[in-house]
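Following this line, the structures themselves.
First chain A sits with chain B, and in the next complex the same chain sits with chain C.
== the complex of A and B ==
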């Protein structure tokens, strides 16, 4: 880790963008670090990456990363990313979404990008709450947990993003947490290499809001909770549902090899002979 | 012009082929009556030309994909109608904020809500100007014939590229579906405008650079320039700002790049204005009807002229002011309960009586209805 830690500077936008907006102890920085190290491991060039985010704490990540970065509207990162990937299929497209951003307001785009199986690597930062707006319950807030809009405990049932992604047709789903930074890095690397719609769910801590409202303690205590409650997918197979009740499963949970959308579309262009017609008439350049 | 280039086209077909002629190479859309033919035609034609079509999961996704493609470097467009246009408003505001060139075609139908999917209206006149939250300056074009739809689509794409601004093209159900003869020009007869690209070294590049024209060069993705864009109010580098001076600078930029160029953007047509003290004002399909009404009324010895805004926003203020200089009566014909008439009220001299000829029952206004208004009010 000590060696790897300097690698991230290569991918960051330099000192003038720091300090970042996240609370001290927030897990998003760990996730960003894991993503950048995964990029470094794969020797991906900065100019070949488009990073698109929505709104929320997670949505702020692209400010710090030295790629083509687009901070879009709430919930729509994956839809913007779809347009980018389809029109520039050579780019490595990464969508950064939160649990409210990606699964509530952006749930429809998540489902349909998975169904289309377009080659976007989605990092789903799941801290089980809306952080930026001050602690409202999200689609991943467990039943009974407290939020500012669930003052008597959450009556709703949370999403399992794994079942959602798998059911909708994604090619890859993995989960890890901010405690498991190295595993997270490895999983993101796998997701980046995987053709098709790939999702890495990174369980993160919001001690400022979720932790405080649910008496789960400081950042350290919450990150320790991830350590104590993570079960690797291979071990989980041998456990009973009762044994897994308050646990979360990590590792590669789902992998498939369905054809990828933008590759299919490029093949269609070739089949129709569209490639040769790409040259455009001489354009008048706008005078400034 | 050879006879081979003559077609019998629907307005929606003309719009689609106009888009292709203008160099549109990305379309993201969602099925909605009465605009669907545009998506169908471009789904068929774009891949044949190396372009990309995608049917998104809703109109919010459509405009998002269009903006994404535009930022990446494509000439991108979508087409929709009432409900879809409403759904697009938030992301359309985002496109104004990040100054992403793109074209949104709204084939207008009756509203509010689901309204009249297969019937005509011009009731999105104001929504096209004010639909998204915040201060921004849209360019809104209209068309009044099938051939006009072809050329106005080209103009919409060119203006969006020139001013790095979304352009809305307001068509309507009748124009979208009616068939007329159209001459398709040769490729070299069409003037195409491409967005200004940066020439500075990458480390100097500011995606929202302050320039005398308020238009900043725009790099595509993968072209050697890495940059940030956000819907948050931002500095010239594209990063969020809370500084009053930078906020004002950005807001001024959004307004001025359009308002300083009204003469280039805003066009109108006139007929029989010089000798007339009655002026009929109408746009789009209603202008076609008004043209006939003016002819009938002149035949009956009324001194009537026609003023037709081709660009709705920015509104052709100067042109209308001049047209109404000697007018005692202005008849505003539109397919709604009175939207464009507000602009006429704003611009007309005090002596001019302003009368609306509105129809909002899903049918076109007839020439006789306009003639009767002239007779009644004169």
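== the complex of A and C ==
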């Protein structure tokens, strides 16, 4: 794997924007590094990528990356990404959503983009809480865990993003964590290459709010928690549900090959004869 | 001939100092930390398997034992602030 420690600096808006706003030890920086290294591995140029985010701690990510970037309204990252993909199908479109941004406020866009199966790579940063707004419980906060709006423990049941994406019809779902930075990089690489709606759920740590309220310790302790509680998908098949109770499964969980939306859309334009501008190259060939 | 070769291979392993001399000289400066970007979160200090870093009085990492570094790249893969780079990779 051709990774170098300096390759990320080519993709960063380093002189203006750094150091970044995230808390010391926040896993979003690790996820951003894995994403940029995956891009460098695939030798994707800066101008070929559109990176879209919503609001939240994850929403700051495109500010630091030197691609075509959009920082959009809350929850609407995938909606904007759909528009960009349909108008510019050659771009690689990456949507960065958080757990609240992608599954609660933008939950509708998430399932319908999966249903359309449009070619967007979605990085779902799951830190189990609304970090930026002060620690309210989110759709992925586990039952019984504490948040500022759940001082006696959360009563609700959390979403499983894997079942949601699979049920809605996504083509690819993978999960990893910030401890497994190299695995995360490999999975993002697979998701970028996969046609159709592909989701990579990156488990991240919010030690400032989630860790403090639930007494899970510092950034290092939370990252080590991911190390102890991750089970690879191949090993998880051999284990009983009781053994997997407080664990989370990593690796490629779901892969499918349904037809992709923007390609079908382009085919429809061709079928209806709606593309007149492409006659020019043919005329040049005749002159030569 | 085969026996002589085996002996030659075994000898340096018995004496650690000689083995170190025969290997290429170790890099005295394997890791660079940008102090302006670093937020002293302590991830590199705690995840390093060879215990290369020490924390200074403010909690910032300092490369205290550079000759222990094996270029495993765990520190810069896990640095959330992009504040560590390797001089060899």
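Simple rule for what comes next: the second predicted complex is superposed on the first by the 273 of 288 C-alpha atoms of A that agree within 3 Å, B and C clash if a C-alpha of one lies under 4 Å from a C-alpha of the other, contacts with A are read in each partner's own complex, and residues count from 1 in each chain.
Here is the rule we go by: a residue touches a chain if its C-beta (ideal position, glycine included) is under 8 Å from a C-beta of that chain, and two chains touch if they have at least 3 such contacts.
Fair warning: this is a prediction, and the values are worked out from it, not measured in the lab.
Once the two complexes are laid over each other on the shared chain, residue contacts for A:108 go to chain B alone; chain C is not touched. Legend: residue contacts after superposition of the two complexes on their common chain; A:9 is shown touching chain C, with no touch to chain B. Residue contacts after overlaying the shared chain place A:123 against neither chain B nor chain C.
In the superposed pair of complexes, A:87 makes contact with chain B only, with no contact to chain C. For chain A, the partner touching the most residues, choosing from chain B and chain C, is B. Once the two complexes are overlaid on chain A, none of the chain A residues touched by chain B in the first is touched by chain C in the second.
Residues of chain B touching chain A in their complex: 23, 25-26, 28, 47-52, 54, 56-58, 60-61, 64-74, 76, 90-91, 94, 98, 161-162, 187-188, 190-196, 211-213, 215, 217, 220-222, 224, 226-232, 239-240.
Chain contact summary for the complex, chain A toward chain C: residues 3-6, 8-9, 12, 14, 18-20, 22-30, 33-34, 178-179, 181-182, 218-220, 223.
Those residues of chain A whose C-beta lies close enough to touch chain B in the complex are 13, 17, 46-48, 50, 52, 62-63, 66-73, 76, 79-84, 86-88, 90-91, 108-109, 111-112, 265, 268-269, 272-278, 280-281, 283-286, 288.
Taken together, the chain C residues at the contact with chain A in this complex read 36-43, 46-47, 73, 76-86, 89.
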